[in-house]
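Several structures are given next for inspection.
Next come two complexes built around chain A: one with chain B, the other with chain C.
So, the complex of A and B:
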């Protein structure tokens, strides 16, 4: 018994990663049941991600002491470290556009999809669609508007998972309500 | 966070039962992986001890503070600092919001027990935030 307990302590992080993966899986399963079209499920996941991102960025800033980003390269670095922090993976940043306003995150092992197989009739489902939402929400809170979408997805037979992030514009400080 | 997300849009009862269901599915699968290297549990109490110690530690990073049973299939688990609500309030202020945050966990326990061969009904109540009490009632086969 003590051996097992020992082992449990060591793999504590790994285990809660299982829990995370499974919880996310159950959530997606529930959404599929609740909504009629896969399109709606994708939309819902994105919306949830967005709401999480809005809050998560605060946690991230508090924990990392990071300062304002001056260009998208820095932003990409930060996103990379956030992935390390919250999901325990380090995606690589690649495929910069000429104007440096668009790049890809390549994720080899997506923890969200660890035990997942997509059945054929679910080919439209963007299983990890919560991630683009999180990134969009988080960046919006630091006044960067981006567009995020999946280019490739391991679950759909691609060799890697690729998230494309495109800078749209810098958000200006909003006027207080009723002053315009 | 997911909890808060999901409870935004629906009528209260529906969303609580959904959360419970999500918890159930998660608990059911999770416990299968978590107990892979365990020996068979001796009896019901052994299973409960597992839930209170290992299971609770992996999910909430702490053990259950108090386990009681009437030896008739009712178990009461007391957690003095329940993690999902520690950030909310230490007073009664948000007490009417809190059941939503417990539903997932009820399902989690029920799913875990069900995969370990015990059918149960799990309910939760807040004693005084952030402490709360889960009551597990084992359903015996007739």
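So, the complex of A and C:
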């Protein structure tokens, strides 16, 4: 690919963050209409995220020169750079557990929630619940099973948004040859 | 420069009939370290060995085997009637604990499997992959499917650990699987992605041998036009016109000016 077309591709891939924020907002609003309980909405968001993650990880791998992670620290670094690539933000990595298998992502400004205020009766809604799904799906494709959940959320009055990521196990059965 | 590592002779039926290892070219990979509780190296029981599967540190790499505990060697996962994983490593009272890790050499059995697999590999290489002119017989779709799945298993075998001194002197004695296969009239280049998808290019010998970048470009096309197509389901045959056209475009471009370096 020549330099010219490469540049075109890059600029083509950049869209306004507002468009994304609003589209996500209408998606959540529609889900709330379609489902009776907030719990179902949370579950659907997580599932959608999971399906996005399964595909998104290939895009990430093809466009960066990432190799397989052999410890959680590397994984954390890569998740950080993926956030930069897809959401334009750099969350900080903190609160490592003693066994180095658990850490937090601190997101100061979450683009998904830019124009959002949570009404009182929606206090159970995990508005950005698509993110844990994406991370879980993406890591599963590279044979790492994790658990991801929100510890803090700006929308609920916390000072920052905190995502907790815990390593469960490596998926040995799915490991491609040459990597086990 | 390391010299010869091993010599193998394989019989016609694919069996191993002779094997010789040049011991002086092998390096020791053993690492010993004292750990405190909780153990931050994840171990798994694979192929009758306790193998590091995640959380590498201090030269103890993924793929290394646990060889000894507090200086006492053991094999399998039992040590004096005690289960190493459940009774020794999981028990806080046993810490601080001294563990020795290292790579284990291939067993004779593994060498035999390796040899017979190489035999089938050779058989594949001898197949006609692209015939032009002469008898004009192309591979049928069925044959292609069989070939692909065979290549897949061969890739797995090639990735076995053989104790050699690595390039760049990494004492990491792990092969990656087949990257290039060459015969007197064609060459196969292979890229396996982290998720396990393999990309192969079969080419003439007259074109540049280095196809890393071209393979990477095709990978990018796959992510863009197959995976981002909502009507494409994962792990199914790709029937996307956009992917076809873009692939053709990149191959035509490659023909005019081979993609070997970053532009």
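Odds and ends about this structure:
Keep in mind that, in the parts below, the second predicted complex is superposed on the first by the 158 of 180 C-alpha atoms of A that agree within 3 Å, B and C clash if a C-alpha of one lies under 4 Å from a C-alpha of the other, contacts with A are read in each partner's own complex, and residues count from 1 in each chain.
As a convention for this text, a contact is a pair of C-beta atoms (placed from the backbone, for glycine too) under 8 Å apart; a residue touches a chain by one contact, two chains touch by 3 or more.
Values in this document were obtained by computation on a predicted structure and should not be read as measured data.
In the superposed model, A:48 lies in contact with chain B only, and not with chain C. In the superposed pair of complexes, A:19 makes contact with chain B only, with no contact to chain C.
In the superposition on chain A, contact of A:27 is made with chain B only, not with chain C. Of the two partners, chain B and chain C, it is C that touches more residues of chain A. Contact with neither chain B nor chain C is seen for A:121 once the two complexes are overlaid on the shared chain. Shared contact residues of chain A, touching chain B in one structure and chain C in the other: 55. Residues 1-2, 4-6, 18, 21-26, 29-30, 33-34, 37-38, 54, 57-59 of chain B are the ones that touch chain A when the two sit in their complex. Residue ranges of chain C in contact with chain A, taken from their complex: 38-40, 42, 44, 46, 53-57, 61-63, 152, 155-159, 174-177, 192-197, 216-217, 219-220, 222-224, 227-228, 234, 250, 253, 259, 263.
Listing the residues of chain A that touch chain C in their complex gives 1-3, 6, 54-55, 57-59, 61-63, 66-68, 70-72, 98-101, 141-142, 144, 167, 169-170, 172, 174-180. Those residues of chain A that touch chain B in the shared complex are 4-5, 7-8, 12, 15-16, 18-19, 22-23, 25-27, 29-30, 34, 48, 51-52, 55-56.
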